[in-house]
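The chains carry the letters A, B and C, assigned in the order they are written, with residues numbered from 1 in each.
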Amino acid sequence: MRNYIIRRLLQMIPLILGISFLVFIILSLTGDPFAALMENPRVKIEDIRRLQHQWGFDLPVYLRYFKWLFSIFKGDWGPSLLYPGRMSYDVVMARIPVTLQVMGISFLVALIVAIPIGIYSAVHQYSFADYLVTSLSFFGMSMPTFWFGLMLMILFSLVIQINGMPLLPPGGIMTPGILSEPFWVRFVDRLKYLVMPVIVLAFNSMGPWSRYMRSSMLEVVRQDYIRTARAKGLSERVVIYKHALRNALIPIVTLVALSIPGIVSGAAITEFVFNIPGMGQLTLNAITKNDFPTAMVCLLLIGFLTIFFNLVADIVYAIVDPRIRYA
Amino acid sequence: MARDITTEEAREELISPEEFSYWKMVWKRLRKHKLAMVGMYMLIVIIIICLIGPLIYRVDPNYQIEGPYELLSPGAVDPNGVRHPLGTDDFARDVLARLLYGGRVSLLIGFSASISAALVGAVIGLISGYYGKTIDNILMRITDIFLCLPTIPLLIALASVIGKGILQLIFVIVVFGWMTDARLVRGVILSLKEQEFTEAARAIGVPPSRIMFKHLLPNTLAYIIIGTTLGIGSSIIYEASISFLGFGVQAPTASWGNMLQGAQNYIWRAPFLVFYPGILIFITVLAFNFFGDGLRDALDPRLKL
Amino acid sequence: MKDDILVQTKDLQTFFYTDEGVVRAVDGVDIKISVGETLGLVGESGCGKSVTSLSIMRLIPWPPGKIVGGEIWFKGEDILKKSEEEMRRIRGSQISMIFQEPMTSLNPVFTVGYQISEAVLVHQDVTEEEAKKRAIEMLDLVGIPDPEKRYNEYPHQMSGGMRQRVMIAMALSCNPDLLISDEATTALDVTIQAQILELMKDLKRKIGMAILLITHNLSVIAEMADNVAVMYSGKIVEYSDIKTIFKSPQHPYTYGLLSSIPLVTKKRVKGEKLPIIEGVVPNPYHLPTGCYFNPRCPYSTKICREEDPKIEEVAPGHFVKCWNYLKPGMGV
């Protein structure tokens, strides 16, 4: 087991290098970010030239990549261009807590809803509830997130109003002036801003998850060992919730672990629509406004998370399935 | 209900059983799938509307009415006496016309991108699966790298760079969408490789390219079809996302995605501008998903995609 | 005591309702098993033998299957009238079943020992330790070496033969009165098969249970069964004790089955072909009129094509469902 983990960790290295290279190439296509600074009267030409040299923009692409790689090893991710005066790494890190809140809550909500309804749907196959759940899952998978977000905003901020004030705030992350309030007030305030983005993100994940839960359960329930369990005289409850579920959850655990990086990168558009100052929004801004160093940090972070959660998924799978644990 | 037949008929049945064609069986299974049928009818309606609609409703989607006639509500009549069933947008263009033409664009992009990605993926999977060993290793590593890339941000990055337009958009979607089909086809090829007919073909000297394209590829057809159908939905959403952020289809050409981009700034004054393109995207993708799901069950019920 | 009837089905009917029509999987079946008897239930794939056994256990899944008629008497009670809760108490403790595929019949995420203990805990009021002890006893009884260690192993760590032994241990852990063995040895190697059959005979002697032995393998029947019932297309076509069935089968189907066994000892004429039964099992959606077997029967006559034969007792304890049953002495 330990050897397996070590082997996988070693395999991660070329993967990360590969990703970083590809991402670098793609971003480099956007051209020299420093050239845009020439327009800015506050920045001196010598500084621009220095930055260009430092970042290797006087070199061909592949050499530039190694130069960048080298500075990464020294821990220098470069200055942020969107936020002059701050290092890109710090800019990104400062934004992580907000994204974590949005993502984390969405993740939990999606999980808490998707698993039980998937099980119910499988156990009561072909019933009305099953069709309802299946349809809703498809809705979740087919709805463009940004549109859903906009529609929710229209509903809760425009259509539903109390005393002329929107029920839920249409974007942003906090009411101005809230920071001086006590913790409890700030907490509730934050929740109000999170409701809609969480609904959007959770609904998007719930769709595929509940479907997979349902199909996993359906597949397990057909197995021979379930027939054996019934023949043993176990109650239907025990057969479903102990014997079947335990097996059906195995692929789901993997699936959920693998979905996590997707939620992070998918949250980007949702953050954009709701104007939430999180990492996703920063990524989009950095890319569209040519803040090369910051964009690299963001993209690599997501790439790294993807690889990391791939590994986590495999490890958890090995723990949870005795066939792999005691191969 | 079972019916009793005479012995003669029973004897005959023993000798010449009913012939089942593969595609007939697939169609039969598909018909039983209620959601898939719903999806199929929805798709037929949508496609017909987008293809024929503009011929019936002859309004120019790019014509901007002179004067301050932006953001007219649905059903309003403009000074030329033209009725706008779905209103006008921020450039005083008729919304319904833009929806119909935009539908053509979005559907076209969705379909082309999806089938291209499926084909590219299939070829890569085919080569990878057939040759195995080093080539397989390298190709699969590359696939892994691509799979770990954050799709949406990079889609935007690439789109912002290689220029805006339909072909470029399709290209971008294919770059980030070929991997699933590659893996799928590779898996199928790997299992087919073990079967005897490949050995036999090799033994009588059939060249590899012919084995790949004439013998192995047709067996993967079912999976390619499924991959394409399910991929159209996500391609349409990608197109919408990219256009929404300003990088895909450019004005004045309409697409459902870029209509939403324009609508963003007016969600308080004219929410209907947000509603219509979005609901069409939603319904179309939903229909493709319903249909694709049923298709997958019909083509191979054992498939665990 | 030997005449005590343990299980008896009367005109049992189990149908399956599918999109293509109704399948009359079990269509009027009468069987009986006495205490301590081994009844062999023989027939080709799809003739309804498994469905009969699942019906006795009341494990027919609805949809699409349903027991639509008849009675099943167990220890003097009609179990078709019992509630699901009462049935649950019978399954696994008074009637147990073992299945064909040992590779997939055990839950892969629980240890082998736990699955046996579970059966004990569900039916008997004992502590976990006592259940574990009993499970280890059973593992030992079925011939698994080092049972304490094996208790904590997972099914995938065992071979097919061992898993089948575990299944038997699980099935017998509560000392059932009836063991249903549904093709339990079909998926095993011949040598393992012999071991498992020996084990079953041995345990039967020790515990005194009855066995419903379902198989399409006639040599297994020859070795294990006291009485034999032959099934075809959902009906019993012949029933007798083991000796009579092999020496003087009366139904043409039984005769056909027995003749098609290639015997090493039988004298062969050069160029003689192995006798077969022509044709295939009838399509359950398109059953023939009259006797279901008539399209394939070399002795069929007009009445066979028109009327379903009645069951006749051609000799004491020997029942045949045929218009033209063969005369005694025409044995294999």
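A few remarks follow.
The rule we apply is simple: a contact is a pair of C-beta atoms (placed from the backbone, for glycine too) under 8 Å apart; a residue touches a chain by one contact, two chains touch by 3 or more.
What you see is a predicted model, and the numbers here were worked out from it, not measured in a lab.
Of all the chains, the one whose CA centre sits at the greatest distance from that of chain C is A.
Among the chain pairings, A-B comes first (most C-beta pairs in contact). Work out the mean CA point of chain A and of chain B, and you get 24 Å between them. Centre-to-centre separation of chain A and chain C, using mean CA positions: 55 Å.
Between chain B and chain C, the centres computed from C-alpha atoms are 51 Å apart.
In the complex of the two chains, the chain A residues touching chain C come out as 223-225, 227-235, 243, 246-247, 250, 321-323, 326.
Chain B contributes residues 34-35, 141-142, 144-154, 156-158, 160-162, 233, 237, 240-241, 244-246, 260, 263-264, 267-268, 271, 274-275, 277-278, 281-282, 285-286, 288-290, 293, 304 to its touches with chain A in the complex.
Taken together, the chain C residues at the contact with chain A in this complex read 57, 59, 88-93, 96-97, 99, 101, 104-110, 118-119, 122-123, 154, 156-157, 167, 170. Chain A contributes residues 14-15, 18-19, 22-23, 26-27, 29-30, 131, 134-135, 138-139, 141-144, 146-148, 150-151, 153-154, 158, 219, 261, 264-266, 268-269, 272, 283-284, 287-288, 295, 298-299, 302-303, 306-307, 310 to its touches with chain B in the complex.
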